[in-house]
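First the structure, in the form of structure tokens, and then the observations on it.
Naming follows writing order (A, B, C, D, E and F), and every chain is counted from residue 1.
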Amino acid sequence: MALSARNRLSGTVQSVETDGLMAEVEIELDADQVVTAVITSGSVDRLGVEEGKELSAVIKATEVMVEN
Amino acid sequence: MALSARNRLSGTVQSVETDGLMAEVEIELDADQVVTAVITSGSVDRLGVEEGKELSAVIKATEVMVEN
Amino acid sequence: MALSARNRLSGTVQSVETDGLMAEVEIELDADQVVTAVITSGSVDRLGVEEGKELSAVIKATEVMVEN
Amino acid sequence: MALSARNRLSGTVQSVETDGLMAEVEIELDADQVVTAVITSGSVDRLGVEEGKELSAVIKATEVMVEN
Amino acid sequence: MALSARNRLSGTVQSVETDGLMAEVEIELDADQVVTAVITSGSVDRLGVEEGKELSAVIKATEVMVEN
Amino acid sequence: MALSARNRLSGTVQSVETDGLMAEVEIELDADQVVTAVITSGSVDRLGVEEGKELSAVIKATEVMVEN
């Protein structure tokens, strides 16, 4: 199974904050950089996202901007 | 000047491929992870994006998915 | 392997048009509805997307609008 | 009135869950596939989205990924 | 017919540049501000987008960032 | 510091509604047009977004649709 989204950054869940329908997940990448994802609480439950879990942040290339 | 987008990953431009209106930029992050951005060629010119340049990939948190 | 994106619509590739960096893929869903995806040509190659192939359109819930 | 978004999938609202600013709407398409949309509660009110209502899920083609 | 997307900014098409699958449309809003949209060339044709035409830029609220 | 996102619309914050993780910000543009942004409450705090503040709505061109 492969997904067209070009970006897959592996890391460890640093924090999960669930609030009603939405949840904010902070993922610490290998190089001390942190990625924050806002996903539905339903997906947090379905994937069993919790502190310390290893997973990846996935991002479609057209959603990435560049800052100089 | 600050932007609401929560994710800002610093790295170095590994490649830039411009093709008509669109361009694909590969940014190597500090930990050997690579982020691909699809932006307009107009922005590549305006920001002077070129191989070897240090810049950041910027991503709104609602655009980030999580994969288990 | 599971992805937080809530929407996964299975279908058959009806057409693929590649043009430089970008590609347009039309996927016919089971109920005669068609979904069009614009992805990079790199992903078309990597996933072997071609006419007649069975695959899924995947969409993050925050990207879906509703029309009345 | 026409919109540039290429994808318009007609169906029936299966559930609406409103929680503060955000709402999650599940739309059952004709072929038993379900699409989940996360929109603002303001839009749920303005459009009168409720269980049993017929409406369409609308998605810009650049937001659609492909999974093999 | 109403769409859940909260933002609808009316203006006049200042330029359209079509290049293969993708097109870049610049829309001049009433207050001299310009909005650039990247849509498919297919949608440019279907909607008859051309210089001087009055239309609206439509944006889902979750796609808007804020800069201070 | 420059960002690849092509759209930057300056205005004044008309209202901010924070609800748990998410916040809805209404920005009045110079020509009486209003843009609504849904961002995280964390960003509202970090940027000090409040009624009357002058700031810009920033939008990536690939997120803009066109309506005829």
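Heads up, the rule we're going with is that a residue touches a chain if its C-beta (ideal position, glycine included) is under 8 Å from a C-beta of that chain, and two chains touch if they have at least 3 such contacts.
As the structure is a computational prediction, the values presented were derived from the model and not from experiment.
Both subunit B and subunit D are touched by A, C, E, F.
In terms of the stated touch criterion, the partners common to subunit A and subunit D are C, F, listed by label.
Comparing the centres of all chains, each the average of its CA atoms, the largest separation from subunit B belongs to D. Equivalent interface to B-C within the set D-E, C-D or A-D: A-D (over half of contact pairs identical by residue number). With respect to subunit E, maximal separation of chain centres occurs for A (centres as means of Cα atoms).
In this assembly, the C-alpha centroid of subunit C lies 23 Å from the C-alpha centroid of subunit E. Here the spacing of subunit C and subunit F, counted between their Cα centres, is 30 Å. Between subunit A and subunit C the centroid-to-centroid distance comes to 22 Å (mean Cα coordinates, whole Å). Contact of a single residue of subunit F with at least two other chains is seen at positions 1-6, 20, 22, 24, 36-40, 42-43, 47, 49, 58, 60-63, 65-68. In summary, the structure contains touching chain pairs A-B, A-C, A-D, A-F, B-C, B-E, B-F, C-D, C-E, D-E, D-F, E-F. If you check the complex, the residues on subunit C that touch subunit A are 1-6, 37-40, 42-44, 46-47, 49, 58, 61-62.
Those residues of subunit B whose C-beta lies close enough to touch subunit E in the complex are 1-5, 20-22, 40, 42, 60, 62. For subunit C in complex with subunit E, the residues that touch the partner chain are 17, 19-20, 22-24, 36, 38, 62-63, 65-68. Residues 5-10, 24-25, 27, 29-33, 35-39, 43, 47-49, 53, 55-68 of subunit D are the ones touching subunit C in the complex.
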